[in-house]
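I have a structure I would like to understand better, so I am pasting it below and will then ask my questions one at a time.
Letters A, B, C, D and E mark the chains as written, and numbering starts fresh at 1 in each.
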Amino acid sequence: MAIAAESIGGTPNPNKSFGTILEVRDVVVKFGGIVALDRVSFDVPEGLIVGMIGPNGAGKTTLFNCLSRLYEVDEGDILFDGQSILRNQKHQISQLGIGRTFQNLALFASMSVLDNILVGAHSGSRSDFFSDAVRLPWVLRENRLSHARARDLISTLDLEEVAHIPVAALPFGTQKRVELARALVSRPRLLLLDEPASGLNHKEVDLFASLIRTIRDQNNLSILLVEHHMGLVMKVSDRVVALDFGRKIAEGTPAEVQANDSVIEAYLGTVN
Amino acid sequence: MVAMLELKNVEAFYGPIRALHGISLSVEQGGIVTVLGANGAGKTTTLRAICGMIKTTGSIKFEGREIFGKLTESVARLGIAHVPEGRGTFEKLTTEENLRLGAFTRRDRNAVAEDMDRVYGYFPVLAERREQQAGTLSGGEQQMLAIGRALMLRPRLMLLDEPSFGLAPMIVQEIFRIMRSINENDGVSMLLVEQNAALAMDLADQAFLLETGEVVMSGDTKTMKEDESIRTSYLGY
Amino acid sequence: MEIFLQQVLSGLATGAIYASLALALVMIYQTTELINFAQGEMAMFSTYIAWALINAGMPYWAAFFLTIGISFVGGMAIERIIIRPVEKAPVLALVIVFIGLLVIFNSLAGWLWTYTIKEFPSPFPVGSPGGNTYIGFHQLGMIGVTLLVLLFLYLFFRFAPLGLALRAVAQNPVSSRLVGVRVGWMLALGWGLAAAVGAVAGMMVAPRLFLDPNMMGGVLLYAFAAALLGGTTSPLGAVIGGFTLGVLENLAGTYIPFIGTELKLAFALGIIILVLLVRPQGLLGKKIVARV
Amino acid sequence: MAVDTIEEKLATRHAQSQLEAKLAFYKRIGLIGLIIFAVALPFLVSDFRTFQFTRVLYISIAVLGLNILSGYNGQFSLGHGAFIALGAYVAAIMMDRWGVPYYLTIIPAGLIGFIFGFLIGLPARRLEGLYLALATFGLALATPQILKKFEIITMGVQGIVVDKPEVPFGLPISQDQWLYFFTLMILLVLFWAARNLLRARTGRAFVAIRDHHMAAESMGVNAGFYKPLAFAIGGAYAGVAGALATITIQFVAPDSFGVFLSITLLVGSVIGGIASIGGAIFGGIAIVFIPNVAEEISKAAPWAIYGVILILFMYAMPSGIMGFINMLWRGYVKRLLTRT
Amino acid sequence: AAEYGPGASDSEIKIGNTNPYSGPASAYGSIGTVISKYFDKVNAEGGINGRKINFVTLDDSYSPPKTVEQVRKLVEQEKVLFLFQTLGTPPNSAIHKYMNAKKVPQLFVATGATKWGDPANFPWTMGWQPNYQTEAAIYVKWMLDNVDNPKIAILYQNDDYGKDYLQGIHDGLGSKASLIVLEQSYEVTDPTVASQMANLKNSGANVFFNITTPKFAAQAIKIANELGWNPTHFLNNVSTSVGSVLTPAGLEASTGLISTLYTKDATDPAWDNDPGMNEWREFMAKYHPKGNVANGFNIYGYAVAQTLEHVLRQAGDNLTRANIMKEAASITDLRIKTLLPGILINTGPNDFRPIEGMQLRKFNGTTWEAFGPVVSVDTSS
């Protein structure tokens, strides 16, 4: 990855505006007898990176799936920009301005990198099947714009060499970058990243940290980041939320959470 | 003493693409070897080659016998367990069925039951999720399941492809503890691919560094840890 | 009321026909997660083998079990020889091979034994219990045999580790190999068992439907529907599905004038699809969830 | 993948784009050549052969519809023949009852195919894989029965006979040739439209749903709309094909639209290459000519030969003819790449 | 001097045919096969007027579009002199217009629909067998004369063939159509007709018209017996084979069935020593050993091929399409030895229905016994 590494470190984000972009209110999700989320509440302030940590099975991905409306919320509410998103359907979420990546990769295996990213632009474009079929001029214009944006991201994320290769044949780390590009192409305002650094080695994690911050700064993004790589979480997060057994057990600055006893007991272990 | 596993000049192919360009490495009886390398270096491919999962050339010997060209299932039946990249969960089966499949080749029912309890002891969360459809487990739970399933084989050699993948820090420590204990108590040898190089280097006696399908450096872990480039790229200090 | 009873019983008897082939479909589904479109024709072909054996003077039960054996081996051979080259091909390529097998068996049977219908003996006594006009010994026997096959499959999947291995192979052959499951043999075993179960089905239905190369053509769709209605992974579901379908179509054909006998199948299918819309895993199938 | 300097990177990229341009040029030349060949064909062969190729053309249109639905959108249909039947009857009834000229039946047939496709696609949203196969198989099975049932409209088992279109504008060609050109024209328009559609937003949405349903939704693709849309487009293509079939055969009857028609379409689609546009043409050729070949080989059991041909085909080309051609093409490109 | 149309020459007469050798109707394919074999025999014995018969028979799977294609191939590419015995109502309907526009004879088509005997509108098309409506009308007439207080139940195949019979029954009943208490149909793809039979029995009918093809006929007879239903049971001519329908259904259950026949039945012991049938048996043994003698189609095909042979002999050296049609329309009192005694073939410029007579027969447990004279009902309307 050839990402400029200027903005490594915890320099405060100049775009910070202190509005709240996402409010999670007392969310409960149950699967049969299992309570995966138990009255979880927290906010993501606009322009900040909020890290979310917690043991395996704590409910982090479940929360993401609620935000994407892939899972139904049993109780509680989720507000984006002050509006409940629970009235929206899954496909409307990206249009609201929430983009995401997936923990276990969810790429379109047969498509090329470029096409994968272009699907990400779906919600940002308007053409319908008829205008597509007869190539109306405005469709071509729109298409050119999506392509330009995708090309931009391809070069930012250093994917040029593989732009036309079907994603299934790419190494894991590259696929993760494709997912990131796909999430970014629709210019989301809130980005949900589910374990973006898993499978990366130490150097790659460092590069990734700076990449996230650059992207955030350039696009005025807010980010909710789930990660087990504590180094990364501590480095990039402005705030951290910790979950355990579906409950929020701590919230605060990275340093506060890292020092929290319940977090150490449930998550970090004593050696760290 | 013959090496437990010995790869000589192994090349591997995805269709026409050559992903390994002649790898040689060996794992001693009872030893732990780690393979490091950047994304796409060929670590996973090396493990796949050993298990006969892709087209390969060269020689692969297990306990002195050539296993090159054997079917994957026959390799497994020799006592080689593989925790694959991406976990390879049987998504529609339950947690317990996944574990039972791990012991498919074994006939010692009682010991299997014991091992099942042992795995549940290592990963209590799996015990709670016994009847849950494995595909709905969280990422980390599935990773535990993959490791548990490999243990159910009672292997003599374990191939571990990023066992810490997606696991919470505490569980990672736990898993490395388990690996060490299995290695020490049961004499299980291990070939470990791991991004958390610091932990891997602590556990292993030998390390191999791969770059674009070739071994570029190897040696015992103590000396390797001293290496400047390894420190900056993999260990981060 | 009498006609109602008549139709229900006749529906059960017909349902047993659907159920018996549906069991074969469930068997193959467990190993491949696919429906073998040639299953019906394979069953028909097995029945011709039995017919030829009986005609050559072999006692019924000897022919019955020999046919099951031949079908088992034949099913394994088909998998090893014909299916294996496309094992890794896209699913649709496999479907085309199934269609190819279907027409080959049909045409081969027609060529060897002509399209003239043949009588096939029933192992059960002629007539009906107490001389009733509702249900005969053969139909009862057929229902009984179907339940026996069901029991066998249930025990097989419940207790034999092989049953679990078969399901594993269907879902994830790569991981199956990693735990030491001999995938090739499992597939062959699945095909062999499906062919054997199909042979039983064929020999049970032939006395009712008469043996001809198209005997199973019509049954296949019903069996397919029955298996899906019951839940493709559940042998018991398939049997319940078969009986339900048999009764449902009879009642629809009898009591809904517009549907009549022309659209009774379409109607029954419509109902099944409605059920599946509400309960996509079928009546007894386990709900399978995909998550990210 | 390790390219070190910017200069090197730019140089390889330049070479690559030159190569791409060259390959695109070859493809275009090939396509133009094919079209010229298609136009010249009726002048090279007999009227009977021309008629056969007309069948190939309209069947190809139906297969393309199925490719869009099953190949690109991943919705497996065993009942596509129902839409052909629909289009065929729309055309037959318009021509026979209302005296509408044949060329005015094409668009209504397509539209009605579209609407019915959409309606059938609505419940199909909740059915996947085998369940959809069953539902569509049922549709195929019920088609002739429904056509027989609604005798007042369809004339029941008797079928409807229509007239053969006359050659317009006093062109010096035979009726069969005219029909061929008429069909070819429609085919070219529909293939062009399909190509545009599949390369654009809609097509990407179709494939995204096929590849990863949930991720597609999260990217903003409304599967609840696009899945029925794929059915609708598949239905529209099949409807047009049905109208052309009526015009070409001049007869419709329920028994022309049995289960076997749907199965045949699927077979053609897979043999041609299901997730491809060009494959539809090979599919059409396969559907029309494989039975003839089978018959040439054995009169006694042509169907057995047909089955054997199918199986052998799948051995040789598991991804269909187009998949095979693509493989050769990629091999060729690779050789070009290594040479530069 | 000889006159030739396409496909005819000093040495050869080329004849086209389509048959379903594949697909759901493939049982009919044996007709095409036996006709081919018959022409092998004709050729082996020196041909017709010194010319060999070249019988080109193609598969159409009973699918009309396929028939059109195959027939165009025969006419335009193979350039046959005429078509003979193309099989099935829908396939023949599909080519009806084409054949008449091209003025190519569509001779002795293998279907019993009424529309093939319409020389005024379709002078190039001719049927052969008694049409289904005639047969149905014969049953109805006899029933009205002989059954007290009839209540009629009908089982029919839901296709052109079944509907034609149904039409015949309705026409025959005329104003008495209300005597029908229940009609039930089945599809050829149905596995069984058990449900229909239960309903028919339950309707309280005492007359049963069984309009089914062999497999379903056997099922219906068997099931009626199991249900303990004993109506006056009319079985259509299509399914009268003793060997392949009545024996599987059970001879006892079949006793009392009424049908009309026009061909002899090889499995009927009455014809065991019949010279006409012995000729046919010799033919089967020598030229078609794989053919099933219990299959009535083998007698049917033999008889219709003999009819054609007669026409071609009569045409002599004038082998134009027009003359073939003319000769086909001038047959008088032709007797074919495998047809029942008393069945004569007659055609004329306005009579395109070669066989119109049939004889009612009743099954006595071993054989079909004739009763009453050869009857024919005029259905040309």
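Everything that follows uses one rule, which is that a residue touches a chain if its C-beta (ideal position, glycine included) is under 8 Å from a C-beta of that chain, and two chains touch if they have at least 3 such contacts.
These numbers come from a predicted model, not from an experiment.
**Student:** Chains in contact with chain B and with chain D: which ones?
**Tutor:** Where chain B and chain D share a partner, that partner set is A, C.
**Student:** Could you find the chain whose CA centre sits the greatest distance from that of chain D?
**Tutor:** Most distant chain from chain D: B.
**Student:** Just the number, please: Cα centre separation of chain C and chain D in whole Å.
**Tutor:** So the centre of chain C lies 33 Å away from the centre of chain D.
**Student:** I'd like to verify one number: the distance from the centre of chain A to the centre of chain E, where each centre is the average of its C-alpha atoms, in whole angstrom.
**Tutor:** So the centroids are 74 Å from each other.
**Student:** Once you find the CA centre of chain A and the CA centre of chain B, what distance in Å lies between them?
**Tutor:** Each chain's C-alpha centroid was found; their separation is 30 Å.
**Student:** Using mean CA coordinates as chain centres, what's the gap between chain D and chain E in Å?
**Tutor:** Roughly 39 Å, centre to centre.
**Student:** Spell out, as numbers or ranges, the residues of chain E touching 2 or more other chains.
**Tutor:** Touching at least two other chains: 22, 24, 26, 158, 187, 189.
**Student:** Quick one: which residues in chain B touch 2 or more of the other chains?
**Tutor:** 40, 136
**Student:** Which parts of chain A, given as residue numbers and ranges, touch two or more other chains?
**Tutor:** 61, 70, 102-104, 106
**Student:** Touching residues of chain B toward chain C in the complex: what are they?
**Tutor:** Where chain B meets chain C, its residues are 51, 53, 71-73, 76-77, 81-82, 84, 88-93, 97, 100-102, 104-105, 133, 135-136, 149, 153.
**Student:** Once bound in the complex, which stretches of chain C touch chain D?
**Tutor:** Per the stated touch rule, the residues are 34-35, 82, 85-86, 89-90, 92-97, 99-104, 106-108, 110-111, 221, 224-225, 228, 232, 262-263, 265-266, 269-270, 272-273, 276-277, 280, 290, 292.
**Student:** Please output the residues of chain E touching chain D within their complex, sorted ascending.
**Tutor:** Those in contact with chain D are residues 21-24, 26, 57-59, 61-66, 68-69, 72-73, 76-77, 89-90, 93-94, 96-98, 158-160, 163, 187, 189.
**Student:** What residues on chain A touch chain D, complex-wise?
**Tutor:** Against chain D, the touching part of chain A is residues 68, 70, 89-95, 100, 102, 106-111, 115, 118-120, 122-125, 127-129, 132-135, 139, 143, 160-162, 182, 186.
**Student:** Per the contact definition, I'd like the list of chain E residues that touch chain C in the complex.
**Tutor:** Touching chain C: residues 22, 24, 26-27, 29-30, 158, 184-192, 194-196, 198-199, 202, 214-215, 218-219, 226-228, 244-245, 247-248, 292, 294-295 of chain E.
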